[in-house]
Amino acid sequence: MTRIGLIRLLVVAALIGALELACRSGLIDHRVIIAPSQMASALWTLLASGALDADIARTLGMIGLVIALSIVLGFAAGIAIHALPRLRRALDPFFATYYAVPVFIFYPVLIAIFGLSVMPIVLIGVATAIVAMIIATLNGLDRVPRVLGKVARVHRLGRFATALQLQLPAAAPYLFTGIKLAVSYGFIAVIAAEFILSPAGLGRDIADAYADFNNRRMYALILFLLVVATLVNAILHGLDMRFAARRSGDRS
Amino acid sequence: MNAAPVPHEIHAQLSGVTRTYPTVPGAGAKMPVHALGPIDLDLLRGEFFAVVGPSGCGKSTFLEVLAGLQQPTAGAVTFEGKPVGGQVPEGIGVVFQEDASFPWLTVWDNVAFGLRRSGVAAPELRRRVEDAIAFVGLKDFARAYPSQLSGGMRQRVCIARTLVLQPRLILLDEPFGALDAQTRLLMGDEVLRLWRRTGATVLLITHALDEAAMLADRVGAMSARPGRFIEIIATGWPRGRDSTIVGEAAFGEITGRLWERLRGESLKALGHAAVPAMAAE
Amino acid sequence: MTATRRTADTLFILFGLVVLWEILHRIAGETAMPAPLPTFAYLLHNLTTPRFIANLTTTGLELGYALLLAYGIGLAIGVWMGAHRLSGAVGEPILVSLYSLPKITLYPVVLLIFGLGISGKVAFGALHGVLPVALLTMGAIRAIPPVYLRAARTLQLSPWQTIATVLLPAALPEVFTGLRIGFTVTLLGVLLGEMFASKEGLGAMIMNALQLVQGEEMMTVAIVLFAFAALANGFLLFIEHRLHRRV
């Protein structure tokens, strides 16, 4: 594990080093890509100036809102749909194709309806992320072993206690998968919406910097978003590993 | 050989119990299925009763009706003189065929699950949980999660989770069905130990004739569906028995007699027409 | 009987969506959200115009090239990382974290490298598709029972023969799942590329229609894309199920 981790670190470092060298030596034109060290220093200056604070707050706040709405509403919808088998069977084809169609193409339509504001971004974000949570909730509830229902009755648990103490923990791994996907989709949809067309936000900043040929600013912003997204994914991955270690026993 | 002291107090009683299901799920046919009964049975306080029968004969239905997990279509079930219906009465513990250990709780928390809800004081709770874990031999695994244990160990977690509540009637639904034959013999010894120590009435559902013959005071042979008792055999084993009795001549006789009664029923369950055993000539 | 009822229920929900559309139309007004019926009329009328066909062809071409690249590179990486244990162990987490990044942030970089024309959009589409193809191919090859490899060795197959006659056929159903998901995300990548700073393709068409307040055109493009993606996915799923049944 540590050996492979070390090799991975070296591989990533070598790739970044090669890029640095190629940029510094002029092999790669600085109008195309700037050296990683320059990206980092540009980001540092930008963050220190405080000029980004408002956009960071706006974008991350929006992503947080989208993720929270998707998880809560998706979980509730999943429970409701699970309780209505006929509705669920009718909805199955929609769930099966939902992520195969480019739902994002609706973003301009939402702008046409709601105007260029926060609303279309939040809506397209939730539309992208919520279905993953619904599907994960349905999956989780499906896989609660039937015997747990009998155990609940032997222990004379009420409906609420059964849901909270047995069904929820039994479905938890699937719910967590849904949360992970909702986070990932929420992030991607909000940034993409901002980038394509929006009044403000980090995605918009990148597009503006690109249009202004301001490479230092553009690469600083790209680096910032990639670092934030990687960090969030790493945290979720770490949590996942923790749960998995308990449940699968592979790495006790 | 000394017979076990025969208890006489009726602990649980089924009278005229039948169970029919409205339709077979998924089969399309709208015919009600007669799964069980009529059954009349008195379970005596402190006895070890085993039920054997071909697969699909309604053994598990029988157990669930007795436990109060299913309502009988007709007839009545009583436990300690009170009617059973709608819910599982206090004093009955059930160990299921499927692995019902909670994967999100440690062995310790699994065993403590029922006690926590009953409002037992902390020191008392700890003592009883540790006692139950030690009894099933999982002392070194108290902090482990079920996924880190073998199938047999997980089933022991479920036994401990039942045992810790001090049930007076323990129902075991093929708890060793998924284990290999040697492990099953050893688990049989553990169940005997459990039975002796708790003094509880034990009802064991099994498809293994040898298991029933070795463990029980009385063995009820159940017919193919609809399940009813075609014979109840008293084994006459001493209370202090263990798995070494499989070497005794009486064990072979009991097993042989059970098979004689059940052979035709098992063929029926396989879809054959009833074939009389050759010994019946 | 239950199957027909299920289909009826599904159609009923589809009808419900059209009703929802009509309600949205009533709330949002004619310019923002055209009514369903005029939109369908517009769709039928405009589907065969040269302008629409030109954009459709552009998107189709871009998707085709992007898929070729994504499948080629993705399969190569997947086979390599699946067969070579160390590379797989080192590379998998890198690919996984790249997969969940918002790749749109990298689009300006792609544009700076490949330019604003068709090649930028192709590269961006391929960038989306490479990762799922590589990851699922790697997983598929790793899941091959080792006994197949021992059999290949006893038959004295060369490494190349082993890949072609044992590894790929055994891994095919899973690999195909990767190709199907790769198709979906490549299409999304191409469309995202067209929606930003592009003048050609269906994605550009929808952005153009937004500026010209052409509600019918936006909905038309969206419907065409949804139908195409759903049909293509259905077709690929059909093949995938058949492959899975064979194994």
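Order as written gives the chain letters A, B and C; numbering starts at 1 within each chain.
Please note the rule applied: contacts are C-beta pairs under 8 Å (C-beta built on N, C-alpha and C of every residue); 3 or more make two chains touch, one makes a residue touch a chain.
Remember, it's a predicted structure, so these values are computed and weren't measured experimentally.
In the absence of subunit B, chains linked through touching still make up one piece. Here the largest set of C-beta contact pairs joins the chains A-C.
Chain closest to the overall centre, judged by the mean of its C-alpha atoms against the mean of all protein C-alpha atoms: A.
Taking each chain's centre as the mean of its CA atoms, B is the chain most distant from subunit C.
Our note on geometry: subunit A versus subunit C, Cα centroid distance of 19 Å, whole angstroms. Taking the mean of the C-alpha atoms as each chain's centre, subunit A and subunit B sit 49 Å apart. A separation of 54 Å divides the Cα centre of subunit B from that of subunit C. Those residues of subunit A that touch subunit C in the shared complex are 4, 7-8, 11-12, 31-33, 86-87, 89-94, 96-97, 99-102, 104-106, 108-109, 111-113, 184, 187-188, 191-192, 195-197, 203, 206-207, 209-210, 218, 221-222, 225-226, 229-230, 233-234, 237. On the side of subunit B, the complex with subunit A involves touching residues 64, 67-69, 87-88, 90, 92-94, 96, 98-100, 102-105, 113-114, 117, 144-145, 147-148. Residues 6, 9-10, 12-13, 24, 28, 31-33, 86, 89-91, 93-94, 96-97, 100-109, 111-113, 184, 187-188, 191-192, 195-196, 203, 206-207, 209-210, 213, 215, 218-219, 221-222, 225-226, 229-230, 232-234, 237 of subunit C are the ones touching subunit A in the complex.
Those residues of subunit A whose C-beta lies close enough to touch subunit B in the complex are 145-148, 150-151, 153-157, 161, 166, 169-170, 172, 246-249, 252.
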